[in-house]
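What follows is a group of structures, each given as structure tokens.
Two complexes come next, and they have one chain in common, chain A, joined by chain B in the first and chain C in the second.
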Partner chain A sequence: MVEDKAGENKSSKSALKKEAKKAEKAAKKAEHKQSNAENQPAATPEVDVSIGKYGNLPVITSEKKDVERKFTYVLDLNKTLSGQTVWVRARLHTSRARGKQCFIVLRQREYTVQALLNVSEAVSKPMVKFSSSIPKESIVDVEARVSEVPNSIASCSQQDVELIVSQLWVVSQSAAQLPLQLEDASRPEKPEDEGLNIRVNQDTRLDNRILDLRTPTNQAIYRLEAGVCRLFRDVLTKKGFVEIHTPKIISAASEGGANVFTVSYFKGSAYLAQSPQLYKQMAIAADFDKVFTVGAVFRAEDSNTHRHLTEFVGLDLEMAFNFHYHEVMLTIGNLFTEMFKGLRDEYKNEISIINQQYPAEPFTFLDPPLVLEYDEGRKMLAEAGVEVGAEEDLSTPAEKLLGRLVKAKFDTDFYILDKFPLAVRPFYTMPDPNNPKYSNSYDMFMRGEEILSGAQRIHDPVLLTERAKHHEIDISKIAAYIDAFKYGCPPHAGGGIGLERVVMLYLGLDNIRKTSMFPRDPKRVTP
Partner chain B sequence: MVEDKAGENKSSKSALKKEAKKAEKAAKKAEHKQSNAENQPAATPEVDVSIGKYGNLPVITSEKKDVERKFTYVLDLNKTLSGQTVWVRARLHTSRARGKQCFIVLRQREYTVQALLNVSEAVSKPMVKFSSSIPKESIVDVEARVSEVPNSIASCSQQDVELIVSQLWVVSQSAAQLPLQLEDASRPEKPEDEGLNIRVNQDTRLDNRILDLRTPTNQAIYRLEAGVCRLFRDVLTKKGFVEIHTPKIISAASEGGANVFTVSYFKGSAYLAQSPQLYKQMAIAADFDKVFTVGAVFRAEDSNTHRHLTEFVGLDLEMAFNFHYHEVMLTIGNLFTEMFKGLRDEYKNEISIINQQYPAEPFTFLDPPLVLEYDEGRKMLAEAGVEVGAEEDLSTPAEKLLGRLVKAKFDTDFYILDKFPLAVRPFYTMPDPNNPKYSNSYDMFMRGEEILSGAQRIHDPVLLTERAKHHEIDISKIAAYIDAFKYGCPPHAGGGIGLERVVMLYLGLDNIRKTSMFPRDPKRVTP
Partner chain C sequence: MASQTKMYRTSRIIEHDLTVPLPKCMYPLKNIHSKDTGKEMAQERPDHVSTCDRTPAISDQVKQFLKNNQHVEGMADLLTKQEKILKQLQELRGQIESIKVDLKVDPTKTSNPTLNTPITNKQVIGDISDIVVNADPLYPPYSLEIVQKLIHNTINLRVTCHVHSSVSELPENARALEETLSNYQHEDKLPDLHVRLIWKNVGVDAEFVVTRYTLRGEVNLLRYVGRVVPSLLSYDSDPDSVEIDSILDMCYLFTRTKTKTERSGYVTALGKLLGKDWIAHRGTVSVADLAAYSAVRQHFKQNEMPAKLTKWFEMVGTVNMLRHKV
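Coming up: the complex of A and B.
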């Protein structure tokens, strides 16, 4: 083992020497090309001992293929590498000159490490000066010796070591003026120090999303969001679901026609789908049995709230069942359980990084999940002094209160509310055969906010027509929908989940714009 | 083991008995409710010994939860179940009465089995008559004994057994008149019997997509398509890529403004994204390092060809690299190799079902994939008598010819063509530093058709501005794009893949409408 390591070091040292020569050449070339460029080491009367060890690299145009340099990840910089020479490509997070020294913090996604330049035999004054003048957020290549530190560095994620820099090259230079400071954007939001520290407001963040997304918190949020999608698909695929893709451009407004975006389509016009529901149901009528789809969903609602977007990512599923829609409802419930377990077990690190900036109680859930009937929910609310009529929907405040009551009683942030009043659900919802006031429909909640709405859909064209008439819907306008069930269709149920809401509520965040990488609302279509 | 099995049989028998009783009750109820309904066993003067064993079930409204009936999949019906009584829920594919018998073919997705009703002590004449009158495509519940057959049944997927029916219930009845026959839609396309058999044309299929999608071939195509998506994501996730979601509604036309759909957006207007490229690049500039996204892509091109859609599913990826764009190009090449291996190994059955209807040569590929330079491709074409200028793009016929030449020489249906002329690529493509006429860009081909176009993108705002000016692009209109690179950006490359094209070409199909579940073209926005 020891021999192997020595061997590795040797070969990596010779590679580094080669590299140093190459870099020197490149630097000279760069100097030649960009002799008038800013930040270029100025020609000094003294001999600069560090010439060829620092500067601006030319733009990487893939000129050379056989570069043998291996980069070490910032995450991997720790005591075990102590004494070794490494190359790191990272962002210059901050730099601070102090006399003959320059302290730099290098950042790579969620991880940071301190780097140090000291005027010495190998490091010239101009090199230190150059280092301190590199604009923050530039990408740099650093050659350095890993050095253990006596006192841990609290301001960096890598606290046990620092880097003693021997080469420093700018790979991609940032503009000197930043519209927001990463340090400000990364600052914890604690109510107690409100007003003491600079905050970056939501619009400034979103207007400069490229910078904002670089904070450790945002790096972690979008990695976790990718995890939610992956878990959703993996769990369902294992259960025999088939992924389908449904069209976003549709010929008729899917749900009643309100809140739909119009698209000009060649010489005519079309609409953007508000839900993939019809297509999921068609897939069921076409024998796919269990389907899911992940894709953009559009709502032309002029709602400027913390939880509405005009475009969001829908995680939708639909499933044929044999006898009872609970076969589907409990499949969805189990899907959530599996997702929550996956997040808890695989994203510990991300959750902890996010909690440092946005503190929240850990998300709790039961296995199997809690199922409450709507009437039980109403009773709990009534006991807390809030009356909800038997055929009335829950208001948002009532939903939130019920979430708190459920949490207090059952210690779960996730639950299923079953058997909603028929009167508050769409016409295609299957009525409860045992109580005509109720329906075979359910909502699911996270931290007291609805994240899924679903139901058994009417799969019989006669009953569907009857219910549509009862809702005073023009049958001729939904003929294509009704016809989907004309050639035999199994009983089925399903639901749709908003991805950004799930991530927001799982993490206990306060705004859906924190969990949509490029959010769209009535006032924002950029960047 | 034997004991266990016996136990299982016993309990399942008692469950079935219970079931039979329940079904009888249900049937009586159904009879009562729907006494005037069509296909209801008519009251005959003779006693019908099968009463309670057949009929139309009421619509399944989830009235009962504790139904213990277990269904057997058609796929699992084979000799090992011989002598056992099973319940099957499937479509009535065809039925044919012959004297005192009725032959039924039951279909479940890709699988079919023969079922037989014989007038006997247990099966009445009216029951056989009822059976033969059930409309094709209805969903039925069948109780039957599995019986080995002396001669294999060539017309069914389950060739060794048939079902001797003891109960037959209609769960969901199809309309009697079908706009297309599943048998016609499933018929192999062999050039030799052109004109002899009824075919279903593309538009009839698409107009009645719910029926068309029920053919074994379509069931297999969309299962395989789901597999392509899954493999794409799984391979990339293992390589450290992060899934992102990019907005479809954008404020400015992404690539030049031609061929873009306009959306009315509250009081203003917006566009549908033609590609997620800008957003993938922003994610790279925001330190996500390696990203992919799967989602709808919109092209307002009035192209009515076999391979164009106005909305398709883009499988897009983008990746930062250290020194050379081949780091990315070869990652994508390896992604394809892994996908092809996965399809070959995991979708044998689907491929064989599809090939029965649409015969095609098996897809061949090399590991690692073949990489040709554009100039080599030009030379091969020139040798075959087709001249392509050094700064000219390949025409579609030239592409196809080159595909055939490559296949003949290297025996691969997949290859990478590298170093396209700079003149034929978009302004943001990185020029080749070693030859200003060429660029760091590549296309990838399957069976001679392009399925991915990609390149190293210019990550330096100065060079990007210079190249845009060279292309006579109004800089003010792409300011937001250029600004994305202002705060430091690593060198990066990527590409975009059309899902439907990959599936079409992998399977050797002739039209992209065969691989889009609900295709959109200039003339079609329904269903």
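Coming up: the complex of A and C.
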């Protein structure tokens, strides 16, 4: 064994290389001797001592119920198991045969461990040969002894042990040719990276998403995404919210008619929901008090940008309040703080794995979150030389600049901008009673990009009709919406976020397709 | 290092008037730089440098002159002329006073801002409407608590607190300070100065961001507040300004001490300066007291307070809220 022969601990790379060379020579010598020794008895037919210890397993058809092998997770392989014999089911990540040895890296999600086959009394030459011929990405069952290594193995996640293989079975074989190499797909994206610079482009990744998703980074991204969803549910449930499910097939466009998908619905046609807004509000009018929903949202926008998808997961909430819509705004702000805290504390490992491939500054936030008024934001922009009119919306570059200014001054990647101009908000937004130019509405930003847009909704049918007329909206088309408030409705406010966008911005990724498992955009509906 | 450091004393860099031994192996040349390149000049000052002759001081000369000319004619005229000018000035003053009355300006008040004049004009603090202070929860900026009390009838120091994501849990003393600062009762009529106190892992030096630049150190924050808010905290025209500056510097160094012995050196020095009757002698609490108060409180628990500083510490901590005078 290389590591055993290495003897003393030497940490420098060159020393390691030297050691490896020495070991190789020694191995060759040994091989030579052995072959000489073998040759001498001459022509005795070679008996495979390892028969019954390697091969292809028949397809598991759930024939037997009893547990044959107790598997150990790769994650749990460490020094404490040293000397014990374990069974591991994992993917064959890489294999490298060298003389009478074969090094295999076994992978289980983001965890990897080195396994070693060495021709010996128990392991025959054909077994080593077999092991080196198993295609990458096949699933194998391995019986092995856990052995401590003197020099830590830098290329694996389990660095202080290796497995000395005694049995090797292929459970499910992969095709020999892979459309993309996992090493290439998980290579860090560093600008001044020397050495190998092979990367897999986005479309190849998405076409072969199953393979691409096997990279440690993707494993971590979707684990974290699940975390965002779970934290959203947990935090809101603790605050007394009720989860509701709203229909996705609707009869009329909820937010304007332009960017909506039409589907044939028996003899007529229907639309795919752009947002659960109306149904959330109806739940409030139906006395649910605080509601949230997690579900698919569809937008027929033909925009091929880094941050638009035609289908995404919407996390929406709506809440009745007593006196001031800030009750809701601060609840949402607090929801974000709690989610960020949860991610920071519970997903450290995932975040660090993702950062290795896609380096980004850690996400910063304040508790309680920073709330700026629209005018303050405008003032900050004006100081930096960008004038935004009092009744004008923020353009995307202005938004980003403001994000940078806020980050420089307060060191937070998350903030709330309150009191948007009434003119730039939808008709159902409640105007500010103190200043008719402004409205009771707010946007929330992560890393300078808008992630949530919310407001106090008008819950009075008369005022709502008046505002709709002011916006020149055909009242007959929104009659159902206005009718929802006819029988009394508590004052309420809310907002919604896109799961993929939040994860993308939290991790500082550059493309929303990296956080959507099977993304849908104007040019892609497969896989 | 722990002793009092005076500022702005620099060592001499260039020594003039050195006698340079002239080589004798060369021909002497005329001094071309001198205006009168006379022979005597060149001989008298071969090194081209002239020293100031010791002449009697001007005042001595004037005295001498007056002594000699006591009974000179025209002196009486000069005196009457002077009296006339003074009288004219007095009249001018009277006129201005009457104009003031016409304009309904209180003639007894002068335009110089005094410490106790409440400022009702937002212009006083200029465009600065908010300051961001990043402080480490392990080193809470206790001085803010006293600043808030001290300037309470000039400016409302409104403090809102946030916890930065680099801090996972807020220690008790930081939380206590946060509560005192944010629950302070303000008067409505006064201008506001918003301070956002962000608990963040910044280490011993609190940072503060006014516009776009980050400045470091609690003492510098106090210096800044002193400049922005005309109050007791400003010390530019203070007779003890040099001492105050050096105490501030000392506090800065004190906060970054690592060992007990280092610390005790500063405590002794501060004790010498502040312990005895610094406040009594000055009659007021100064910015130096605030800085030292905060530094001492950050490094010592209540019961571990050095004996020399206990009395002074209590005096600063319980600064009278109604009057600046202690």
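In this text, the second predicted complex is superposed on the first by the 478 of 527 C-alpha atoms of A that agree within 3 Å, B and C clash if a C-alpha of one lies under 4 Å from a C-alpha of the other, contacts with A are read in each partner's own complex, and residues count from 1 in each chain.
One rule holds for everything that comes next: a residue touches a chain if its C-beta (ideal position, glycine included) is under 8 Å from a C-beta of that chain, and two chains touch if they have at least 3 such contacts.
Fair warning: this is a prediction, and the values are worked out from it, not measured in the lab.
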| item | value |
| --- | --- |
| Contacts of A:Phe232 with chain B and chain C, given as first, second, both or neither | neither |
| Chain B versus chain C as contact partner of A:Tyr111, first or second or both or neither | neither |
| Partner chain(s) touched by A:Phe420 [first = chain B, second = chain C, both, neither] | neither |
| Touching partner for A:Leu366 - first (chain B), second (chain C), both, neither | second |
| First (chain B), second (chain C), both or neither touched by A:Tyr54 | neither |
| Touching partner for A:Phe445 - first (chain B), second (chain C), both, neither | neither |
| Partner chain in contact with A:Phe323 - chain B first, chain C second, else both or neither | first |
| Superposed model, chain A: greater residue contact from chain B or chain C | B |
| First (chain B), second (chain C), both or neither touched by A:Phe410 | second |
| Of chain B, residues touching chain A in the complex | 59-65, 67, 69, 71, 89, 91, 108-109, 137-139, 171-175, 178, 209-214, 218-219, 222-223, 225-226, 229-230, 233, 237, 242-251, 261-266, 270, 272, 279, 282-283, 285-289, 294-296, 298, 300, 302, 310-311, 313, 322-326, 430-434, 440, 456, 459-460, 463, 480, 484-491, 499, 516-518, 520, 522, 525-527 |
| For the chain C and chain A complex, residues of the former touching the latter | 132, 134, 162-166, 168, 196, 198, 200, 209, 211-212 |
| Interface residues, chain A side, partner chain C - complex | 340-341, 344-345, 362-370, 383, 408-412 |
